[in-house]
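Chain naming follows the written order as A, B, C, D and E, and within any one chain the residues start at number 1.
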Amino acid sequence: MVAPASWPKLITGILLPGLTLAAIYFMISAGLSLIFGLMDVLNFAHGSLFMLGGYCAWTCNVWLDPNYAGHWPITIASGNLRFIIGLIVGTLVGAAVGSLIEISLIRPLYKRPIYQVLLTLGLVFVFDALVRTIPAWGSLSRAPIKPPMLTESLSLLGRRFPSYSLFLICLSVSLAVLIALVLRRSRIGLTIRAGVQDSAMVEAMGINVRRVFTGVFGFGSGLAALGGAVAASFIGVYPEMGLEYQLFAFIVVVIGGLGSYSGAAAGALLIGLARTFSDHLVLETGLPTAIASASTVLVMAVVLLLKPGGIFNKN
Amino acid sequence: MQRLRPLLPLVAIGGLASLPFAFAADTTRFWQGVFIQIFILAIYALSYDLLMGYTGMISFGHALFFGAGGYTAAILLRQAEPPSMLIVIAAVIVVGATIGAAVGALSLRVSGVYFSMITLALAEIAFILFKADDPKLKPITGGEIGLQGIVVPAAIDATTYRLRFYFLTLACMVGLYYAARRLINSPTGRVFVAIRENEPRATALGYNTLHFKLLATAISSTIAALAGMLMVLYEKSASFEMLSVNLTIQALLMTIIGGIGTLIGPMLGAATIRLLDHGLKGEFMQALLPAWLRPDLVFGIVYVVLVLFFPAGLMGAIRKLRGKTSRSSVERLRQAMKPKAES
Amino acid sequence: MTPILEVEQLQTFIGQYHILHDVSLQAEQGSITAILGRNGAGKTTTLKSIMGLTPPQAGSIRFAGQRLNSLRTFSIAQLGIGYVPEHRAIFRDLTVTEHLILAERKRGDLRRRGDLIFSLFPDLQRLERLLGSQLSGGQQQMLAIARALVPETQLLLIDEPSEGLAPVIIEQMMRAITALSEHTTVVLVEQNFRMASAISQAYYMLDDGRTVDHGTMTALRGNPQLIQRYLGAA
Amino acid sequence: MPNVLLKTEHLSRSFGGLQAVRDVSIAVEEGSFHSVIGPNGAGKTTFFNMISGAIKPSSGKVFFAGNEITGLPLHRMIHLGIGRAYQITSLFPSLSVAENVRLAAQARGRDTFKFWQHSDRFERYHERAQAALKLVGLRGVEQVLASALPHGDKRKLELALLLASEPRLLLLDEPTAGMAANQVPELIEIIQQLRQSGQHTIILVEHRMDVVMSISDQITVMHGGSVLAEGTPQAIAADPRVQQAYLGELYDDVLTQPHEVAHDTNS
Amino acid sequence: ACSSGTGVEPTAATNPTSDSAQATEAPPATTAPAATTESTEPTAAPTSDSAAATGKPIKIGLITDQSKALSLYGTQEINGFMLGLEYATNGTMQVAGRPIEVIVKDDENNPERARQLARELIEKDGVELLQCCASTSSALTVIEIAKENNIIAMIDPAAGPQITGSNFNRFVFRTGRNTLQDALTAGPYMVENVGKEFVQLAPDTDFGKGSAASWRSIIEANGGTFVSDDVFIPADTTDFTPYLQKLLDAADEKQAKVLMVTWAGANFPRLFQQMQEQGVLDKLTLATGFGDNVTMPMVYADAVGSVGMIAYHYTLPKNEVNDWLVEQHKAKYGSYPDLFTAGGMASGIATVRGLEATKGDTNADALIAALEGMSFEGPKGIYTFRKEDHQALQPMYMVKLISITDPDAKFFELLQERSAEQTAPPVMVTE
């Protein structure tokens, strides 16, 4: 079907870019999977937190730059340092805002799951408008700013591969492993799963369910924001990015199977590779390019029809 | 007050029918247009409520149904010799019902969020296909430009006969509302509600719930398709926007704001959203609000507050105002229990 | 001996409905106290009020001298109160073992209490890997009780433990509760009057959200009219 | 010669490695009252689930009124005349009591797809629903939402749902669970009435021995998935295996005086 | 060719405050004081509209993006249009005794909203003329409403060829250039001076396909060849690698020399960055259209020295109108007029000139008669509305990028001015 392509090309043209996409998808999906799967909260605003992380990181990169024309008392000469500060600030802001959202808005709605969807959907509008309202951000799209240490490209099998993409992939994989270890070794997962079904009963067992929920929500949000902060140097920032990546995150989580953490990883991998593979397919066969755009949802539809509960569904 | 209740629908219909004559002459055309859109959106919201509010199936791809109706009408009307309107309507109904039933059939395999997501996927695929700039598809779908300049039968052309079209859509809305009412009060409709409440139990009572879900999606889809057709007749164009997630979200918003599972609520929701949109972005509000407070932000905040504090939407608020809560079910229970406890 | 649990003139609303009007009760350390009353009398609500699940609007609850009224449920539980709810409240997606692990309040609780639990309900050991939803009705009830036994508690609130259990198991459980009451005070809500009367020393009779009578179980057994009046057939 | 309404042949079901029901063959005569008892986890509910079509047997067959019904989907069972109550209450929580029962009554009729007519026009379902409510003693709360009923009344409503579909065979899984002591006789009264009306064949699972012993024609004792014993109440009560596996000492007295309650057994 | 109708979505890197301020500060709707010039005779136009005589204001509805991705262009259009009116009326803001009133509406870059606003403007606010918009999709819906209501719609900067092609109707006049004109500007120059072996990349949209076809036909007509299939990239692409590899293959295996890029959308900077990182720009000479002053500095950092076409830059035209524009713009808005300011101004001027010819009558037939074939002096020189498709023929520019840091935005050196005739596109009207 696909014109025979040499192995190096398949690796540099499909595998690596596919992994790069998967890395971004995973970072936004991991938190959603935790929140959505464990707490049963369908957080539509998860993408907004991704966006928030992105904007915060971008702002750090720009404002702390000594060349920045605006007025800002602190400047940092090293672009690498600005980048790292951006990641930290983005993550922290995301986690804080996420926790706040949980405490103030989600908490009253644990008994009305549909309303969580509706409320967080409203938050998407609020965040979208907020980003456009903040003068420093606005409606326009902002170009990605990469740290100097990651602007070089590496030579790989006769092609050049951006080192930032490699960074994305490595970061994502290490995060995946780290979180998996934390989850496996803690009682938190258990508490949350039980708390979702009957939080009153879990409280009656002496566990502060609310705090656990807030913690998980904040953690998931922080992850999304970190994803956004890292992605910002690759895709730039723009107000629509929240909803755009939110959709990917939903798809990933659903493909993987609700609440399955490894499912999220598998889902991200699947749709990342599906996208670059169909990009390749379209180029080689002259099929309509719409197929590449549709690949993500197509894969989801096929997976759900074959395995109605997602790949890693327990039942 | 209670005695007058049966008159309420008549008053409402009468009010809407005389509305076009209430506007100032130089803006009446505009307001007629706004209300035409409201009526069409109300029909669309109604169809969503039938599915979400009564059968408990949350579709994230409702725009698919709306767009299907719209494109069917548009494609037929753009034929060199367009078929009669009756045939167009019949085709829209057939297409709407078929697509709806097909989507309903998916619920055989997936349920809950998975159903929502797969409907989203289907709508998204349709969206991408209809938007695609593909040599084979474009002659039918119009691609990104959509199908513009559709010729509507002269007698119902909204440009020349705006008022006539106003009454046409009003009649459609009222008719479909009563049809929907009838449906949910019918034995079939009651089973829809039973499925929403507790599907396994409905099955155990002896209902083949799949049949009912098929029926519910087919009917809902047909109504949405009719709304899409009306929209195409009014706008004289069909574009891929009709299939977009935005439109599904609109349906969701209208339903929530109006009040889930009340039929009339989502229709009010449609009016609210359209008028709010016009109001918030109109000169008056812009003069009133500080420049940085964007209308979208106001809308978002109002919406969040609504969901948080008025979960039953406008209808819930109205009922509250009319003091219905005092007769809530729990109270009725307690009253009913009293004599028994003493006996 | 001072009572470990003192409840005075409790008034509880659920939403806007006044459910408990005036409930008072006391439980002596190391005793088993039964709360009796017909269907809907407010027995479950009393236990929930103590646990802070339906916080009372008025009245006072004291446990080991400490006021519980304004505490949140988990803090109340952490004071050393265990709760077996009406209708089991088993988590569908957690395995039996996971239920027991979750019930630990200190590391090693399960190790310490495992023997007691599994001797009481040997079935559970066999079912360790099953999910809550896969257990039979009675097995769920066993798990609900077992769960409350994992941590060391000074007070156990048990709501209708015999529901759905086979007679042999009920018997076993009654013995266990009696044995347990040596270290732990037990407050028991039980429809099965036979069981309640067999193991408890004191009773409180509720009717329409009020304590209408209390005394020793021996006294109640000698008063068939009272039983007839408040419980119907005994 | 009374004919057999329900028959199972070598019915088995396993979950993973666990054999929950093993080779159970019983025959229930039309119009009789048959109880199934056994320790917790003996497989009673699983057995019920297979008869009522909620789960499929691993092997074996079920016959109803002479026809094989093994593996038929759940919703078909009601139409054949098999109705069951659930061990865990399962209702339509935010519908009224009356509507809950009406839905059950309507399920067996042929009017469900008449979506152009108002449901109130089908008086017969309303009447049937009222009759069922009356039978279980739930009058005066028709307009109350099912979720707002006290637990005991929910059980009654559950029973009313069942009766409204006018089944020939009634499967009752612990109907008294969660009922107040004073309501149990009431319920037993209802079940007695059903039995005497002769229109129903009833299979009951119950842990309250006083109830089981006083009401059953025939008792099957399950243990570890298989049938341990079968016979009349007297025969079962006297069976030492049953006593040992299920009854224990607490009910010694019950076996001799079914309606009396002994007070001081343990003190 | 990135600077076409739906254009590059403007992007800014280093100066986050200045451009967004621009984007949000739309000038208020301007109402000129009622005029007292002598009233003119009623025109011979078929309507009995006596508005011209009574001095009733002429309301113009301006629909464009003020708040979303194209708001930068929308703002340029608005500022330019107002200045155009001012210039053409000598500051009186009235024509033939009728004051001009402009009502600006934000379509949020959403065609459906543009349609609604067009209706609202006509039916509620009583506008008699329409001006729109930054996006081609919005323009396409607005021209349908214009047709429905017999009202003239002046289009700028939307550049999709179908506006004056397959979707043309006689009420449409476009002062902006379309993508074919872009191709006619750069194509011949590229073939002659840069290289003959081309490969091109465009978004997989109507606009991208149309633009690519324009480039292909013009370049081939001028002796260039495309050595590889055109690469169309879905607009929602995040990682462009598979597509860029295709370009690299074309360079390695098919000796492509020049890369034509058409792009539109938020991800242009990302595309450009990836082209650099993956060595596409090392192997192929980039031929592109240059964009606005805000986007240039950050996207084209490494492209100094490259050549391309541009529709307008304030340093290029040498004429009085442009001088006036630069001066006034600087005075009013504190910055130089940008890519689409000139287009907006041309629209304003064309509107006034047309109305002068009809003596203030906004009747469509009268205005069409006046505007068809009309030439007028605008910021780029002489513009002429071609009779057949109402496309304004206008001068275009080939430039070389010499700086991206100049504080006065003097980024370009003019290589060649292409005349209105040289860049006249073929007539594509299908009716």
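The working rule: contacts are C-beta pairs under 8 Å (C-beta built on N, C-alpha and C of every residue); 3 or more make two chains touch, one makes a residue touch a chain.
Everything numeric here is computed off the predicted structure, so don't read it as measured data.
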Check: Smallest number of touch links from subunit A to reach subunit C?
Finding: 1
Item checked: Pair of chains ranked first by number of touching C-beta pairs -> A-E
Next item on the list: Take the average of all CA coordinates in subunit B, do the same for subunit E, and state the distance between these two points in whole angstrom.
Entry: 38
Checklist line | Cα-centroid distance, subunit A relative to subunit E, in whole angstrom | finding: 37
Check: Where the centres are mean C-alpha positions, what is the separation of subunit B from subunit D, in Å?
Finding: 44
Checklist line | Inter-chain centre distance, subunit B versus subunit C - centres from mean C-alpha coordinates, in Å | finding: 50
Next item on the list: Return the residues of subunit B touching two or more other chains; collapse runs of consecutive numbers into ranges.
Entry: 133, 294, 330, 337
Checklist line | Residues of subunit A engaged with two or more neighbouring chains | finding: 132, 289-290, 293
Margin query: Which positions in subunit E are in touch with at least two other chains?
Written below: 24, 67, 204
Margin query: Give the list of subunit D residues in touch with subunit C in this complex.
Written below: 15, 38-42, 44-46, 87-88, 150-152, 174, 177-183, 185, 207, 209, 245-251, 261-267
Checklist line | List of subunit C residues in touch with subunit D within their complex | finding: 38-40, 86-87, 123, 127, 134-139, 141-142, 160, 163-172, 174, 191-194, 197-199, 221, 231-234
Checklist line | Residue ranges of subunit B touching subunit A (in the complex, touch as defined) | finding: 58, 106, 109-111, 113-114, 117-118, 120-122, 124-125, 128-129, 131-134, 136-137, 245, 249, 252-253, 256, 260, 292-294, 296-297, 299-301, 303-304, 307-308, 311
Next item on the list: Going by the contact rule at the top, pick out the subunit A residues touching subunit E in the complex.
Entry: 9, 12-14, 16-17, 20-21, 24, 59, 62, 65, 67-70, 132, 135-146, 151, 153, 159-162, 164-165, 234-236, 238, 240, 244, 275-276, 279-280, 283, 286, 289-290, 292-293
Next item on the list: Spell out the part of subunit A that touches subunit B in their complex, as residue ranges.
Entry: 42, 105, 108-109, 112, 114-115, 118-119, 121-126, 128-130, 132-133, 247, 250-251, 254, 258, 288-290, 293-294, 297-298, 300-301, 304-305, 308-310
